[in-house]
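Working notes for the structure below.
Note that the chains take the letters A, B, C and D in the order they are written out, and that residue 1 is the start of every chain.
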Amino acid sequence: MDSLGPGNSSSASEPGRARARRLRTPAILYAIALLVVLAFLFALGNRNFLSAYNLNTIASYAAILLVVGLGQMCTILVGGIDLSVGGLMSFISVLFVVTVKVIGFWAFPLCLVTGALVGYINGNILTRIKIPSFIATLGTGGILMSLALLVSPLPVVAPAALYGVLDIVNGSFLRVGNLLVLTLLIFVVYYILLRFTVSGKSIFYVGSNITMSWMSGIDITRTRNLAHILSSVGASLAAIFLSCGQYGGDPSLGKVYILNSIAAVVVGGTALTGGTGGPVNTLIGALVLAVMENGMNVVGVNAYFQQSILGAVIIVSVFLTFDRTKVSMIK
Amino acid sequence: MTTEKKEPMFELRGITKSYPGVVALDAVDFVVSPNEIIGLVGENGAGKSTLMKILIGLVQPDAGTLTLRGRSVTLKDPADAMRYGIGMVFQDGSLVPNLSIMENLFLCHEIGFRKFGFLSRRAMRETARGMLERVMVSEDQDTRIAEVTPAVRQMVEIARLLWLSRLYGQANPILILDEPTTVLTEGERDTLFAILQSIKKEASIILISHRLQEVVENSDRIVILKDGRNVTEMPASGAQITDIEQQMVGHAFTADRYLEDEQIVPDDEEKVLEVQGLAKRGAFEPISFFVRKGEIVSLVGLVGSGKEEVCRCVNGLAKADAGTVILGGKKLTPGSPSDAVASGQGHIPIDRRSEGLALGMTVAENVNLLVLARLRSGLLVSPARERNNATQWIEECRIKTPSAGTLCANLSGGNQQKTVIAKWLSSQVKLLVLDHPTRGVDVGAKDDIYRLVRKLARQGIGMLVMCDTLEEDLGLGNRMLVMKDGRLVGELDCPPKRKPSPKDVIGLIV
Amino acid sequence: ATGGQEQKGPTTLAISIRTLSNPYQNNYKVGAEAFGKSVGLPVDVLTTEANSQKGITDIKAEVAKTGGNVVFFIDPNEETDDVAIAKILDQAGVYFLTWWNKPADVKVWNFKHWVAHVSFDGIAAGYFTGTELFKSFRTPNKGKVFAIQGLLANTPAAERFQGLQKALAENTGVELVQWVAGDWDRTKAYNQTREMLIAHPDIDGVWCANDDMAMGAIQALKEAGLAGKVLVTGTDGIPELFDAIKAGTAAATVMNDAKYQTGLGLAMSLAAKQGKLDVAAQPQKYRQFEIPAVNVNKANVDQIVHDYLDSTPNYDFSNFFAKWSVAIP
Amino acid sequence: MTGLREKVEGGKRAGGRIRIMLPLGTAGAWLRRAGVSGQILSLIIVIAIFAIGTRGRFLSPANLQVILSLAAIPTIIAVGVHQVVVLGGIDLSVEGVVALCVVFVGLLLRNKFNANDVGLWILPITLGLGGVAGFVSGICNTKLRIPSFIGTLGMSWILWGLAVFVSRGQTVALLDTRFQELVTGTVFGIPLIALIALALVVFLQIIQDRTRFGRYLYAIGGDEVLARQAGVNVTRIKIVVFTLAGFFYGLAALFLSTRLGSSQAITGNNLLFPAVTAVAVGGVALTGGIGGAKNAALGALIVTALNDGLILLNVNPYAQEAVNGVVLVAAVALTIDRRKLGFIK
């Protein structure tokens, strides 16, 4: 039973090769295509969709989602989840405005450090007390929510005298909003951290196979703590940006970001099982959500249907962006 | 052997299957006759497992025809194949970890145990006990699979296959065993082959193995695959192992398989690893030994002899109750693998899929895991250096992969093993613990691994090995430590060309 | 940015509200559409869904959509949204009016296009329902009361609760035994009332921050056989609660006429845009003011149902300040 | 043997394996084997703390009745969610499905809004509606290969939008009181609705323990790829599980709206997090493969008892979230069997 002639066998593998090439098209390309199609449709519906003013609007909305999403992404990549972002954002929002009244600019570093500390605590509840991150962060989220109400039971408004400090975020330089510049900076920092540093890359290894990582000497405790710190810092930054933008703190500001941050991450194609995905995915996720949110209003979709359409679009989006070659099972 | 004259049971013609970047099978023909054992051999990645997955409907071929008992068939899924009387023991195990032995035994085939729609536990228990006795598994059938040894799992899989072949009452079922012996001891192996020979009377068996010896001894016909194509087939009687190797790999092998010529004489003074009075209750009694620079020490003993636990304590995966592990003059923190790794200890685990690799990541990412810090330029890891390091080690270890960016999950078992080895070799270790380094690895790759092991020894790396076979232990090692019932019972010197014979060692082991 | 452009075509009337999933908020839409029809202009509805950022972004999207040819009625998600919204709309040259939420030290007259901020007096509402509730006790103005607040951290919720406390201060015979946060959720209020009845079986009344929660509380009292004996109050004025007042299970509510709110808001903003209302020339008392809500109790419930539910009132928006009651400092 | 067990447990010696030795002999052993000993223990602790704190009032028959009656609907929902979690997925569609079902209950039963009156037919209608929604989620997950998190989240948004549109944001008062009596009635002092929930839990638990469906459910949760290899029809089981979950939500919707005697889309709000919390507190591993209906039910009971106790103790509402959070973490610290979970994620 010898093998068949060479001519025969090579012709048999032709379709196989074509298939191989097709499957290698990165999912990211589909996602970008989706964005382009959406933008095209919206622009068709209303020319103003592509106006500089509106693009700026979309960018500012996506910016917040991106910043909290980048953080959330870190915990998801490492194989966990962070549900405390809601409570934390509420807490940081009021803390920021209350402290900015007293210490001015120094409220920025103070809030970031507080956020990092919360992340460190979240991490340690997971890694030392061994409570699954889902429960641990659900719990700390509740505690932070109460803390937010303790700092200020009602929204606090920043006095006009302090607008100068808050405009560090709100202002613009050469017609580009500082918020966008800062967000871009944060994106680059997270990107470099995750793709080009040993600690950041460890997040992917731990998320992909924690037993192997442990046995290979990766400090899994430190890595998971780091992921939680990155998450909380992202949420804190987003809360600060929001509070600056609204010139006030709001103890109920965070709630909607629990689900929205996860959605931004997952819509971009990062797997909840951990290990696959990344900052670019989150960027796309945030953009898809922002473009939809904005576009539906710009073309005047009936408010009754917006939620439904958004639901359908995120399903379609994940259908396109999710890289199924990297996960053996869809959970 | 008169197999040639029989009507074929199952005929596969022109089977072609490609994956992104690879053509796994290229117009392969494969015929199964009744009552025969076919030995299917080939290099890692030759396409053996893929062909078998097509045989049981887990993978659909891109092209080709399947003819079963004279009728053309398409197999939707494994359950479908099972109804036609085709079953398989998978290379990487197929038992669900969170279910019990019994539940796994009957998974998907519980029909016989139904009473008013509910499953009768008693009936299941009784049948299970009978089946387990047949393969000599003494574990309680309610133990979860996650808690039993690989050997027990393997036997449970075989028991499952036996039971299924009986259940559907298909005349002459086809049983596929993909590398069933890698985790078995010699004794268990003998049991397995005895069972196979006895059921051959009513079944066809396809046996995949990289241990050509057992293939030649136990099969009737040998089929060789190379690069996804049929190379040749031959009757097993009278087949020469060297000949098969030649056909599989394309070149002949030297007689000095374990490169004993290159075995170095370690310097007495420089000890890489010193284990002093290490003890763990219930696992092993106080044990002291050392590994010198460039020395290969093989650790042998039966299952339960405690050698594995000793290694886990040395690796920091488990905490010993007493004693110290000193690596390169530094006392290791007990129970800290990261300290062990940071101090220069490497560990190639027995279970590559769950302990050795990040399957969802690329070959390059896996290879570079341990050396990222070294691949930095400035503060950041340099992608160019990453690429270079990965390519270098892929070549060095001859990992057969379409590219460095291929996902590990898509490599063949043997190439996955080579990836794990490459990962540790690329990091500069002082001591390497090799737990069955050649498990599931083809002859060519084995050669590569032996070569690498010798090279490392020359570089002064000490090694502690536990091998698949006693021959390998003897061939590779400078010295052999023998454990029995948690105690060190013997130490043998294994100088090149004057190695002790396996018989000498077995006396100590059992 | 787009304010300076030449604007052709009809002006869009836009409302930014919290949600369409609750009857009170949904009436904003009804009122806006009725007004839109009366002036022959298109209406757009934006919802914040409890997300300030979404609210602000949607407003910007609406500005982009219409090229700035739009006027707004806005019920901000939180009072902290106001400054951001004001800055955005001022820059875009879009006239708007806000309702309910505004920080005390942010002044409307500092913004050229912020036509006015109008509100109902939340404290008065809580005070009215509180005193009505106390009157319904077996021994009037003497007994125990249980309170279900709205969402903590929400300004109207806090104001109404403040009103209740004012009523408590005046009625020393009444004791507030316990209060909880019902998050505006009917099911939650039902659960809490049932649990509270274990802790305080001798309760005399249940004060709720809105009607939805009041309906939940009434249901729990019904199951305990206390409906009609222990009364409940709410705020908003939903039809079910009017029925409950008629049936004697609720004591009072305060009706906020959402249709009038949107009508007035859009009318003023539109007038400003069309140059019929000179915003800058208005005295401060006409830029920040309250209008009275409709207090409903057993005595007037039939009349109110007749006026507002059975027939749609004929609103007159020619005099914007017809209902003006007090300036907000 | 020991070696492998060690490997399975790898790297988590610290957090301690709290072996609970209940002084109950065989019953204790049974509980341990059934994987609910930890949950029972935390329930007992919660009860003990509140019983002492309220000087026994917490344990009064009246309060127990309240707890059982209030736990029933969360139990039904949690039981629906938990099977999806056992599969290794998550079902976020609860709120949307309930919202839509509630709205249809309001518009189809005898009500104040229109002339419809389908009477008892409402039961198959809501169950069917929920089931269809679950079925579609299942198709999304299996056929379109969309992770359940997004598929069900999208589904929830879609249905939620529909519910608001269909109801136009209005509240519909129900006039048909038959179901209400069913929901509020008691049998020997035990709320009927609690008995219904209990019956569902027992029924499902038996299915999980004693049928092929149950076996396959856990096989998929343990390792989907291996289950498929073994011949499990993964797609079918998954679709069935999502559909079943939809049935449960439909039933919960019917009970929710009839108990309140009204129907509005927002009745669906605030149901998801408590349900998922209950599932997790009950000891169902979010990684899949572990925990059954009894776990979900116990989790719902613990969460309900906790809320009830906090009100009886008159804990400051501002601090309630914090107390909830602390208790949640503490309860899980006691309940989860870390031995079975490997690395905690």
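What we mean here is this: contacts are C-beta pairs under 8 Å (C-beta built on N, C-alpha and C of every residue); 3 or more make two chains touch, one makes a residue touch a chain.
This structure is a prediction, so every number in the text was calculated from the model and none was measured.
Enquirer: Which chain's mean C-alpha position is the greatest distance from subunit D's?
Expert: Looking at centroid distances, B is the chain farthest away.
Enquirer: Determine the centre-to-centre distance between subunit A and subunit B, using the mean Cα coordinates as centres, and give it in whole Å.
Expert: Once rounded, the distance between the two centres reads 41 Å.
Enquirer: How many angstrom lie between the centres of subunit A and subunit D, each centre taken as the mean Cα position?
Expert: Distance between chain centres, rounded to whole Å: 29 Å.
Enquirer: CA centre of subunit B versus CA centre of subunit C: separation in Å?
Expert: Chain centroid spacing, subunit B to subunit C, equals 71 Å.
Enquirer: Per the centroid of Cα atoms for each chain, what is the distance between subunit A and subunit C, given in Å?
Expert: Centre separation, subunit A to subunit C: 35 Å.
Enquirer: On subunit C, where are the residues touching two or more other chains?
Expert: Residues 20, 29, 152 of subunit C each touch two or more of the other chains.
Enquirer: Which subunit D residues reach two or more other chains?
Expert: Subunit D, residues with two or more chain partners: 7, 10-11, 164, 318, 320.
Enquirer: What parts of subunit B, by residue number, touch at least two of the other chains?
Expert: Residues 317, 337, 355.
Enquirer: Building nodes from the protein chains and edges from chain pairs that touch, which of line, ring, star, complete or other describes the result?
Expert: Its topology fits none of the listed shapes; call it other.
Enquirer: According to the definition of touch, which chains form touching pairs?
Expert: A-B, A-C, A-D, B-D, C-D
Enquirer: In the complex formed with subunit B, which residues of subunit D make contact?
Expert: 1-8, 10-11, 13, 206, 210-212, 215-216, 218-219, 221-223, 226-233, 289-290, 340
Enquirer: Along subunit D, where are the residues that touch subunit A in the complex?
Expert: 7, 10-12, 14-15, 87-89, 96, 140-142, 144-151, 153-162, 164-165, 224-225, 273, 277, 280-281, 286, 288, 318-326, 328-329, 332-333, 336, 338, 341-345
Enquirer: List the residues on subunit D that touch subunit C in their complex, please.
Expert: 54, 57, 60, 62-63, 66, 69-70, 163-164, 167-171, 173, 184, 256, 259-262, 264-267, 269-270, 307-308, 311-312, 314, 317-318, 320
Enquirer: Which subunit B residues qualify as touching subunit D in the complex?
Expert: For subunit B paired with subunit D, touching residues are 58, 77-79, 82, 90, 93-99, 103-104, 107-111, 114, 117-119, 121, 146-150, 282-283, 304, 308-309, 312, 317-319, 335, 337, 351, 355.
Enquirer: Considering only the defined contacts, which subunit A positions touch subunit D in the complex?
Expert: 79-80, 87, 125-126, 128-136, 138-143, 145-147, 149-150, 153, 210-211, 214-215, 220, 259, 262-263, 266-267, 271-272, 274, 304-312, 314-315, 318-319, 322, 324, 328-331
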